[in-house]
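Okay, so subunit A shows up in both of these, paired with subunit B first and subunit C after.
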Partner chain A sequence: MSLRAFLRHETILAILTVIVLTVLAFQSDKFFTVANLLNQGRLISEVGLVAIIMTFVIATGGIDLSVGSIVGLTAILTGVFWQNFGLPLPLAAGMAILAGMVAGFVNGFIIARFGVPPLIATLATLALYRGLAEGISQARSVRGYPDWFYVLGQGDLGGIPTQLWILFAVAIICAVILGLTSWGRTVYAIGSNEIAACFSGLSVDGAKLAIYTASGFAAAVAGVIFVSRVSTTRSDMGTGLELDAITAVVLGGTSIFGGRGTIIGTVLGLILIQGLKNGLSLAGIKGDGTIVLIGVVLIMTILITNIFRRDGTR
Partner chain B sequence: MALAGTPSLKAAGLRHQSGFWTKLYRGYGQETVILCAMIFLLVAVGLYNPRFLSSENLITIFSGNAYIAVAAIGMAMIIITGHIDVSVGALIGVLATISGTLAVSGYPVWVAWLLPVVIGVVINMVIGVLVAYARIPSIVVTLGMLSILRGGLISITGGAWISNLPPAFLLAQQKPLGVPAPIYIMIALSILAAFWMRYSPFGRSLYAIGGNPEAARAVGIPIERRIVSVFMIHGAFAGLATILFATQLQVIQSTVPPNLELTVITAVVIGGVSILGGTGTVIGSTLAAILFATIGSALIFTNVSAYWLRAVIGLLILVTVLADMIRRRRGA
Partner chain C sequence: MRKTILATLVSLSLSASFAHAQQPSWTGGDDLPTNPLACDATPATVTAKSYDGGTPVNAPDRKGKTLKVVDVPKLVGIGYFTATSKGIADAAKEMGSMDAKTDGSTKANIDDQITLIDNYITSGVDGILYAANDPVAIAPILKKALAAGIDVVGYDANSTPDSRQWFVNQAEFNGIAKSLIDNLAAEIGEDGSFAIVTSTFTTPNQARWITEMAAYQAKCHPKMKWLETVEAQEDNILSFNQANTLINKYGPELKGILGMTSVATPAAADAVTQAGKCGSVAIVGLATPNAMKPYVGAGCVKSVVLWNPVDLGYAAAYVLRAAADGDLKSGDTAVKAGKLGELKVINGSEILLGAPFVFNKGNIDTFDF
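Moving on to the complex of A and B:
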């Protein structure tokens, strides 16, 4: 392995993750058990799904702040379609997911067609979608779903949590798309230099529409999984989820300015964050203290990569 | 380009050949739009329910969001410089707890008021140094800082409330000449900051950095030092906002107000500051903060469920931004 490849962000992150997980495993004998690890997998699935698509969004130089609100909106709509409109639950969940996709499409449309900066566009829809969730629900929650629905969020398939299968599938498909296809190259091209990408005949607007719609879709699926996991719907579900997802993506080495980033990096970022949260709480550090460390790790990782990159690897 | 004066190059070029109203529209388009929206809302809701225009309600509207307006002044400067701070909500939460704890522990009131400002400046100096010298994008630094502050606050306080605040500490409840103190503070700070941004070399240099950093460096502006300074000033405004926030009620809830940073950023953006940096004014964000409070109050007085407030604000941002984009395309 050449020094250059060794200093890649993902390699540094992988080493850091292994070190952290090893240290944590020694701190508590409960940490490195299959049951605990699978349970942690269950907990990262929602943020994970959103973060994987967010990798595409940030790689194009964009950002999607509205995903947490789309999670909340989908959750509320699932409940409302099912209970108030009397639709069968699969149809209700399907329509809620469709609504989430429309929400994502609206983001993409505003950004691609009107040229509104993604930060502003999704800041506006963050308020709008959360507001719709609050307005539609009027702070009422929906409970009492049929048992089979909980398989998605609380059940297992072949000994592994159901939603973890979904996360695996999405991660692999997205890694292939971003890493190996020409469309994946388009994403990087847009992030590096949008005008050049446009003049190279790439469909910049089309790619953006697709990516933001996919982001809405991922958030919507995460919303349905969320409902199934916690057995209830509330309009404040997914609040702050956008920042968790962005943290994982940036920690994973995706440049916030676009043009660089990998799915494997994002997955490593997710593992590191959840490992830290869980391992430290098992080691007796109170839950919220771990958030502090995640902030420190985020800043330090980017700082270290920046220092290395200045030594001529760029 | 940004040094030329008003929010856009073309606007600056057109100034000498157009009348007062055109000048107002070109230079302060967004501010005028917000002011019109606010007046329209006041008249329309006032006709529907005259109690909306009672002096108590108007005072509530103007003072309720004063802390957001004050925090938005600093945020406007940050965004004009081409950066962003998503940690300001968490910072205000932390500073409010510090301030309240000092007041309850019997320190003199001026210490409880001053220390949050000092700590705000110091924390933001760290952010500024990481942004300017370590060259980490500001959204990444402040995202990290958000985690640090939020986590630190909850793990130290456990979310407990601070009560039994001494009456002298409650600045926001004092009413010289019958008008709550936050209104004076908000107006004074907004006007001072507006003049300072428009006429001082420092203020102009922030527009230059936001408009074109390369060009700003070429004309000899010390960009790194300016970035650190503007973050420190932003920290001071966050500290001042904290005082207004913490002294509003008899208790301080020791958690971070949810999404406060996004409300502040929204006020700045609706106020007409371009998220790309280089244009906008601090007056716009103050007006936008008051507009939010007006909308919230209008919903109550028209018997619309307050749960729709956020949807209305979201829609409002979208319409404002789209109108702005269309206006720019037409070549205004």
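Moving on to the complex of A and C:
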């Protein structure tokens, strides 16, 4: 392995993650226990699902700020379809996820067809979808789901939290798509130079539509998992989730300008942030101190990578 | 096909929102039954109810031992919860056998609160004090704490009863509702119109107060008119803007604004002051005295309703101690809480702090929190 390959962002991040986790393990004997790690996996799943698809979005040079609102909208629709329309719960959840996909599709449509910058388009739909969630719910929460539904958010499958299996599956599938397929290279091509990608005969609009729809889908699935985990729906669910997801993606080495980024990096970013949040809390550091440290780590990681990068690109 | 689905969904969601919009009495309240107090000062009759709280599983014997306690308020960094955590710290110091610390998110966010409590369960505390951001969403994690043998006591904002042992109730909802509406009616008259600035429509306390206020107003001041309830998320700037919008939107029709949070009330008072409407728009609401002193002093605000949050935190710490020691158990009717004396057990598993307190020009300067 050459020195240059060794100094990839992901490698630096992996080393940093191992160091941080080791240090944290010495701060509290409760940190490195199977129960705690699995529990953290449970807590990370919703942000994780969103962040993995967000990697594609940001790799194309875009951004999706509306994911938190889609989580809220899906949560509310699950409750409304089930309670107010009397649909069976699996169908209600399925319909809600479909609605989340439509919400994502609308993002993609506005961005790809009308050329609205993703930041503006999804900032608008961030407000729009949250408003819809609040309007449809009329601020009533829906509670009292049947017990089997909680298996998704609170139960285990083979000793591992149910939603963690979903996260694993999505992570592996997405890593393969982004890293090994020609469609994955299309994503990078769009992010590096959209015009060149277009003139190379790549379906830029199609890819963008698919990516934003997938982002809506991931947010919707996260929304349903979230409802199952906390056993109620509220229209303010998922507020600020987009920032957690984007933080993990950027920490994972995906360039905010597009053209670069890996799923493994995003997963490492997720682990590092969640590890810090949990480990510092267990070590007795309060919430405000933790977010300060996460900010510092984010800046330091990006700086270290930029110092080591020699190819002159961003 | 795609178009059909989209059209179906849009029509479904629209019909859902219209179905709700037709509920005429909706004001940001909840669906629970109400129990308005008598219009005069007759106290409510206490109905006996058996203990409905939870029990920690296999809790170790903690009697007399130093307890490691974490206090998780809805959010940190606002005067109200700074006051409750001061009360907890005071009680801990007085007892000498409690190691209490306050930790919370800077936003009233249920996800953050759940994660935080989860981490403290893992780290192995003896007791958890909380003020819930959502009564149902917080329940699974509190049940997990009970299952881990941790003593769980709520204050300020309740969760479902079986997810905690005791809840320290700062004031009964119908008591607060009566106090707010009576004070408002005294200022704007029996046929005045008013609007409400609340936290969010789903925040349990505010929703409960609004529902109780509606019931009490219908019973005792039937001619008063509700204009609108607006959300301001316990955010200073948003509360100010919402109050300002109300003043501009309703003009002279608006006779009073009710602030439902300790953030909304001073912000609304500020908005009225800046609009030069002091005297023509009355402000009544829940707030801490320090924040309201300038407006009460200037005569813009006549009555501020609240309990003492320092006492609330103080009582919560003593209740937790008593529960951990086994001195407060199912069936008890009162608990000793240090300098506050004996507090009454109500509603099965709640401890009542006392009647709400009205701060006015005459007494507000004697309080500092």
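Rule of thumb we're sticking to: the second predicted complex is superposed on the first by the 308 of 314 C-alpha atoms of A that agree within 3 Å, B and C clash if a C-alpha of one lies under 4 Å from a C-alpha of the other, contacts with A are read in each partner's own complex, and residues count from 1 in each chain.
Criterion: a contact is a pair of C-beta atoms (placed from the backbone, for glycine too) under 8 Å apart; a residue touches a chain by one contact, two chains touch by 3 or more.
Fair warning: this is a prediction, and the values are worked out from it, not measured in the lab.
A.B. asks: Subunit B versus subunit C on the shared subunit A, clash or fit?
C.D. replies: clash
A.B. asks: Answer with first, second, both or neither: which of subunit B and subunit C does A:Y129 touch in the superposed model?
C.D. replies: Once the two structures are laid over each other on A, A:Y129 reaches subunit B alone.
A.B. asks: Could you look at A:F85 and tell me whether it touches subunit B, subunit C, both or neither (first, second, both, neither)?
C.D. replies: So A:F85 only meets subunit C here.
A.B. asks: When the two structures are overlaid on chain A, which partner does A:L119 contact: first (subunit B), second (subunit C), both, or neither?
C.D. replies: Only subunit B is touched by A:L119; subunit C is not.
A.B. asks: For A:G159, select first, second, both or neither according to whether it touches subunit B, subunit C, the two together, or no partner.
C.D. replies: neither
A.B. asks: Which holds for A:L98: it touches subunit B only (first), subunit C only (second), both, or neither?
C.D. replies: second
A.B. asks: Of the partners subunit B and subunit C, which touch A:T239 in the superposed model: first, second, both, neither?
C.D. replies: The answer is both, since A:T239 touches subunit B and subunit C.
A.B. asks: Looking at the overlay, what does A:Q138 touch: subunit B (first), subunit C (second), both, or neither?
C.D. replies: A:Q138 contacts both subunit B and subunit C.
A.B. asks: With the two structures laid over each other on chain A, which partner does A:V292 touch: subunit B (first), subunit C (second), both, or neither?
C.D. replies: Once the two structures are laid over each other on A, A:V292 reaches subunit B alone.
A.B. asks: A:I110 in the overlay: touching subunit B, subunit C, both, or neither? Say first, second, both or neither.
C.D. replies: So A:I110 only meets subunit B here.
A.B. asks: Of the stretches 59-67, 77-85 or 149-157, which one of subunit C hits subunit B?
C.D. replies: It is 77-85; the other listed stretches have no clashes.
A.B. asks: Do any residues of subunit A touch both subunit B and subunit C, and if so, which are they?
C.D. replies: 132, 135, 138-139, 235, 239-240, 286-288
A.B. asks: Provide the residue numbers of subunit A that touch subunit C in the complex, in ascending order.
C.D. replies: So the residues of subunit A touching subunit C come out as 28, 30, 33, 35-36, 39, 43, 77, 80-81, 84-85, 95, 98-99, 102, 105, 132, 135-136, 138-141, 143, 154, 229-232, 234-241, 277-278, 281-282, 284, 286-288.
A.B. asks: Can you check the complex and tell me which residues of subunit A touch subunit B?
C.D. replies: The touching residues are 65, 110, 114-117, 119-121, 123-132, 134-135, 137-139, 235, 239-240, 243, 246-247, 250, 256-257, 286-296, 298-299, 302-303, 306.
A.B. asks: Flag every residue of subunit C that touches subunit A in the complex, lowest number first.
C.D. replies: So the residues of subunit C touching subunit A come out as 2, 5-6, 9, 12-13, 16-17, 19-21, 23, 26, 28, 31, 76, 101, 103-107, 109-112, 114-116, 118-120, 122-124, 134, 136-137, 139-140, 200-202, 231.
A.B. asks: For subunit B, which residues count as touching subunit A in their complex?
C.D. replies: Its residues touching subunit A are 84, 86, 130, 134-137, 139-141, 143-152, 154-155, 258-259, 262, 265-266, 269, 275-276, 305, 307-315, 317-318, 321-322, 325-326.
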